[in-house]
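Two complexes are shown next, each including chain A; its partner changes from chain B in the first to chain C in the second.
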Partner chain A sequence: MMAQATRSRSKLFWDVASYALLLLLAFICIAPIVWTFLTSIKFEADIVTREMHYIPPRVTFENYVRLWNQSSYPVLVLNSLVVTSVTVLICLFTGTIASYAFSRFQFRGRTELMLGYLVVRMFPAVLMIIPLFIVMRQVGLLDSTIGLAIAYTSFLLPLFVWMLKGFFDAAPKELESAARIDGTTRLGAMFRIVIPIARNGLLATCVFVAIAAWNEFLFALMLTTSQGSRTWPVGLQLMVGEFQLPWGMLAAGGMISILPVVVLFAIVQRAMVAGITAGAVKG
Partner chain B sequence: MSRTFLPAPYGPPRTVWDRINPVRLIGELSETRYWMYLLLLPSALLITAVVLYPTLYGMQMSFREMRLNRPDLGTGFVGLRHYERMLSDPVFWVSLRNTAVWVTFSIVIEFVVGLIAALALNRNLPGTKVLAVLILLPYFLPNVVAGHMWALMLDPRLGVINDLLVRIGLLEGYKAWFADPGTAMAAAIVVEAWHSFPFFTLLLLAGLKGIPTDLYKAADIDGAGPFAQLRLITLPMLRTIIAAAVILRVIGLVNSPDLLLILTSGGPGRSTQVLSLYAFQTAYRDFNFGYAGALSVVMFVFLMVFAWAYIRITKVNQE
Partner chain C sequence: MSTLTLRGVRKSFGLLEVLHNVDLELEDGGFLVLLGPSGCGKSTLLSIIAGLEPASGGDVLIGERVVNDVHPKDRNIAMVFQSYALYPTMTVERNMGFGLEMRGVPTAERDGKVLDAARLLQVEHLLARKPGQLSGGQRQRVAMGRAIVRDPELFLFDEPLSNLDAKLRVEMRTEIKRLHDRLGTTVVYVTHDQVEAMTLGTRVAVMREGVIQQLADPQTIYDRPANMFVAGFIGSPAMNFISGVLEAGPGGPAFVYEAGRLRLSLPEPAMPRGVAMGRPVILGTRPEHLTLGSGSAARLSGTIDVVEPTGPDTMVVAMIGGQPVTARLPPRVALRPGEPVELAVDTSALNFFDPESGERL
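And now, the complex of A and B:
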């Protein structure tokens, strides 16, 4: 009885400690985002003050309007959308079938190839970026959204294949076998049975790759040189450096660009989290 | 699955359309022995073109003189000259030391905070699902925005963290965290840890779910306290996941200069100059591609050696 009582008291202690800790961590994780949002709706005069305003005394959306109308931000966002879409499409077309092959077939060289897809992630980005710059310039893809998207597949395609393989592995094989016995080709079984079963996983994988492509900075900095193909992370960074972008507008730019990420993450986070961890646990 | 027991999916072609129908042709192709290789071909070609070829190109570039700001690119073989230069380049040694500091402290903080968060989330208390989403969010945010959010909060004139620290009496006046060589690296590590600790939480949480609860029940009966259980059950059971997470994160930290490029560009002085950033700036700012290639090759070799040694050590411990 005594032991029982101490145990439940100790459980209560750890429950309370867990709540306190999680609340604190969640606060630390969210505080910078909230602060940036609050800054983005302040007037510039209320941002730089002698006495700090924790709650904005007046609210304005001027920072958003000015950023959108007076800078190249709409073009940057549009370029990013193009790059992100093309990256996802390339991964979808080449990665889905590769992932399916790894998941469903035993063949010579399978382990080595899969390991190869993992090891390419170890190659330093800088080591790839420099030659990519030279090659892209030779084939005329430097400073183009398509070229940048192709460069992104260097680190996103292996990721896509590994993550999606986890979802394909989890899809039951029985339905597929049944379809095969009914006379469906392997092609038919793949497109009509397996891919529809794994569609949530496919969606989560695409979203993960899309977020990574949307956020990417280093490749974009090196491989784009003009307004025509520059993506928002590079554009925002250059605006800070060149025009001494005011804090309010910078904060507004940050909020605009993380909005799609937050929305997409909120929608598919459960499947996405499952996919990332499944790939990592087995890998 | 043996083919012979299955009915042929298609009969012999009867019409002209049967001979040229692409779906039918690919369907027939899918029944051949080479189908999986065909499925792998597009991605393998792409990866060869955008990863393998550039990497090999980069490696051979490190033995050449290559400067983009010269009309002829100045390409001549110089053998090991870049590597020799590195040995006597003080910036290289400073960068190497900074990389060690940057990676070690970031990994330790991210692992400890990530583990604590995962342990707390794994208790599955009501209402913590929402907190989990908030805690995982920073990992998905762009480097550029993460960097500027913290730059805003740590600003010497209007930084809210400065204000809070002054209010509770920990600081005399506002401090320029990123402009002081003594604090710039520490401040950057805080930002990095904030950004990436959820990666550990994510992986460790998945690992924790895989530990059978019987183990803890048995330990309870034996009277093992929570810390003994952590040391004797949880950490040993998580060993593989921890190894995988640490290696992936070390690769990320060594290879990507993004956050430091945004926050400090290596300054003030050389106090936050890491190897990847030095290599990138050598290429991007000085257009000295040969030397930048040599720096990246050295970085790559360090990573390979680290990964190999780390896997060896964790394997040995397991036996």
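And now, the complex of A and C:
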């Protein structure tokens, strides 16, 4: 009786403690976003004030309107969309087949190649960026959305292949054997059996790559020079000089930029969690 | 006509040779059981027959056709896997019809065949479900249904019952036998369960480390095992082995054991043919060929070690010549550990093996 009471009391303590910690973490994550949002709907005059206004005294969407109509922001977002989509598409088409091969076939140089993919990820981006810049200039892909997408692919494809390989590995090989006896080719077995099983994993992997490409700054800064191919993180940064320090517009830009990510997460969240936690596929 | 012929099939994974020169032939409508301990190469052999793995050497013939380079889908076979390998994203109906779908069979015909097979296996009420919503036994039935629907020339089963609980396993075993009797399709069936092998097979191939030890009908394998490995692998409790020497004594030939202190008189017909007297041998006798009794001339003497009643029988382990010997005796025998015991031997069912090679004499 006593022991039980003590145990339930200590359980209560741990529950409270873990909730407190989770709430703290959630606050740390959400507070900057809330602050940015609040800033974005303030008048310029209410942002930099002598006294701190947490809650905006007056609400306006002027920042959003001005950002959209008077700056190049729509072009930046569009460029980001193009770069992100192209990156994901290249990864999807080449990476899916590559990681299937890594997962299923034993061939000469397999381990070395896999390791090579990993090593690419370990170099600091700064090291890669100068050679990449020179190569891009030579082949005339500098300052183009496609060039940027290819640059992103160079370091996101390994991530894609490694992640997806895990999901493919989890799909039992016997399923493919069964499919091949049932009359599919190897490739047919992959498309009809394995990919539907790894669908959530594939989705999760794509989302990771998409978010990484969407938010990327350093490569975009180095490899694009003109309005025509610049992406939003660079554009946002450049605004700082152009309009002195337009806090409201910067905040509005930030809000607009995270919107696609938030929407994407909201749509695929369930499938992604299922994909990530799907250690084993029940047959 | 034979449905399946293997000629000198070999398989290596790198330096590891897992199948050495496998030869076998299976007649039309036969039921071949590949039996052997874990890792002996049963699944590998089945994969080679199915065409999922290429052999490193030798020929595989299905019917009259050499199929070494034929794609699995063109071999006219169907396979049931240990894990069932049902496609988790498809309904039971689509799972069962997938092979026909891939072969371009019209939908109406496909549905008819799937329904027939589902009826035969009593799974028609499950057709709309996904494999994840089925019990183990139901998955097993669906997996068999998927094989049946295709009406192949050859069925391959890889330990189909090993994931089921004991009771269900016995039920499904009977069901498989009934299906085979009814469909008459040739079957190759992999298992490491000797009871499955005995009950289902028309032919049993006992394998060990990639070599077929004996290929025969189940009764022959049981009565006249080719070597000590087969003798010990088949039968539960296992065959008893007693090492000793054959001698021509004054009262006729005898098997002398326990350093020559005890002898088992043998009538002439029980003697292995062409074996020299004075030769060390291992005598093999099955537990059911031992009975209580001191009347018989051929008997083994020892001390009772353990008494294990199982219901229909009582298993008595006696120490004879320093080796444990199990006898299957009637229930309610009044024996106690430590007592001396005399076990009469049925000399018509004795086996002799060479102590060196383990081969039958």
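Note that the second predicted complex is superposed on the first by the 264 of 283 C-alpha atoms of A that agree within 3 Å, B and C clash if a C-alpha of one lies under 4 Å from a C-alpha of the other, contacts with A are read in each partner's own complex, and residues count from 1 in each chain.
As a working rule, a contact is a pair of C-beta atoms (placed from the backbone, for glycine too) under 8 Å apart; a residue touches a chain by one contact, two chains touch by 3 or more.
Keep in mind it's a predicted model, so treat the numbers as computed, not measured.
Asker: Does the superposition put A:64 against chain B (first), chain C (second), both, or neither?
Answerer: neither
Asker: Of the partners chain B and chain C, which touch A:132 in the superposed model: first, second, both, neither?
Answerer: The answer is first: A:132 touches chain B but not chain C.
Asker: One more residue to check, A:177. First (chain B), second (chain C), both or neither?
Answerer: After superposing on A, A:177 lies in contact with both chain B and chain C.
Asker: Chain B or chain C: which reaches more residues on chain A?
Answerer: So, of the two partners, B touches more residues of chain A.
Asker: Now for A:197: first (chain B), second (chain C), both, or neither, which partner does it touch?
Answerer: The second partner, chain C, only.
Asker: Tell me which partner A:73 touches in the superposition: chain B (first), chain C (second), both or neither.
Answerer: A:73 sits against neither chain B nor chain C.
Asker: Identify the partner contact of A:23: answer first if only chain B is touched, second if only chain C is, both if each is, neither if none is.
Answerer: Once the two structures are laid over each other on A, A:23 reaches chain B alone.
Asker: Figure out whether A:167 sits in contact with chain B (first) or chain C (second), or with both, or with neither.
Answerer: Neither partner.
Asker: Counting contacts the way the document defines them, which residues of chain A are shared by the two interfaces, the one with chain B and the one with chain C?
Answerer: Of chain A, residues 177, 180-181, 183-184, 188, 281, 283 contact chain B in one complex and chain C in the other.
Asker: Enumerate the contact residues on chain C facing chain A in the complex.
Answerer: Residues in contact with chain A: 47, 50, 52, 71-73, 75, 77-79, 81-89, 98-99, 102-103, 131-132, 139, 146, 150.
Asker: Per the contact definition, I'd like the list of chain B residues that touch chain A in the complex.
Answerer: 1, 6-10, 23, 26-31, 35-37, 39-40, 42-44, 46-47, 50-55, 57-59, 61, 113, 116-117, 119-121, 123, 125, 128, 131, 133-138, 140-146, 148-150, 152-153, 155, 157-158, 160, 163, 194, 198, 202-203, 205-207, 210, 220, 226, 241, 244-245, 248, 251, 254-258, 261-262, 276, 279-280, 283-284, 289, 292-293, 295-297, 299-300, 303-304, 307
Asker: Applying the document's contact rule, which stretches of chain A touch chain B when the two form their complex?
Answerer: 7, 10, 14-15, 17-19, 21-23, 25-26, 28-30, 32-33, 35-36, 39, 47-49, 52, 54, 90, 93-95, 97-98, 100-102, 105, 107, 113, 117, 120-135, 150-151, 153-154, 157-158, 161, 177, 180-181, 183-188, 190, 211, 214-215, 217-218, 221-222, 233, 236-237, 240, 247, 250-251, 254, 257-258, 261-262, 265-266, 269, 273, 276-278, 280-281, 283
Asker: Please give the residue numbers of chain A that touch chain C in the complex, ascending.
Answerer: By the definition above, chain A touches chain C via 172, 174-175, 177-184, 188, 193, 196-197, 199, 281-283.
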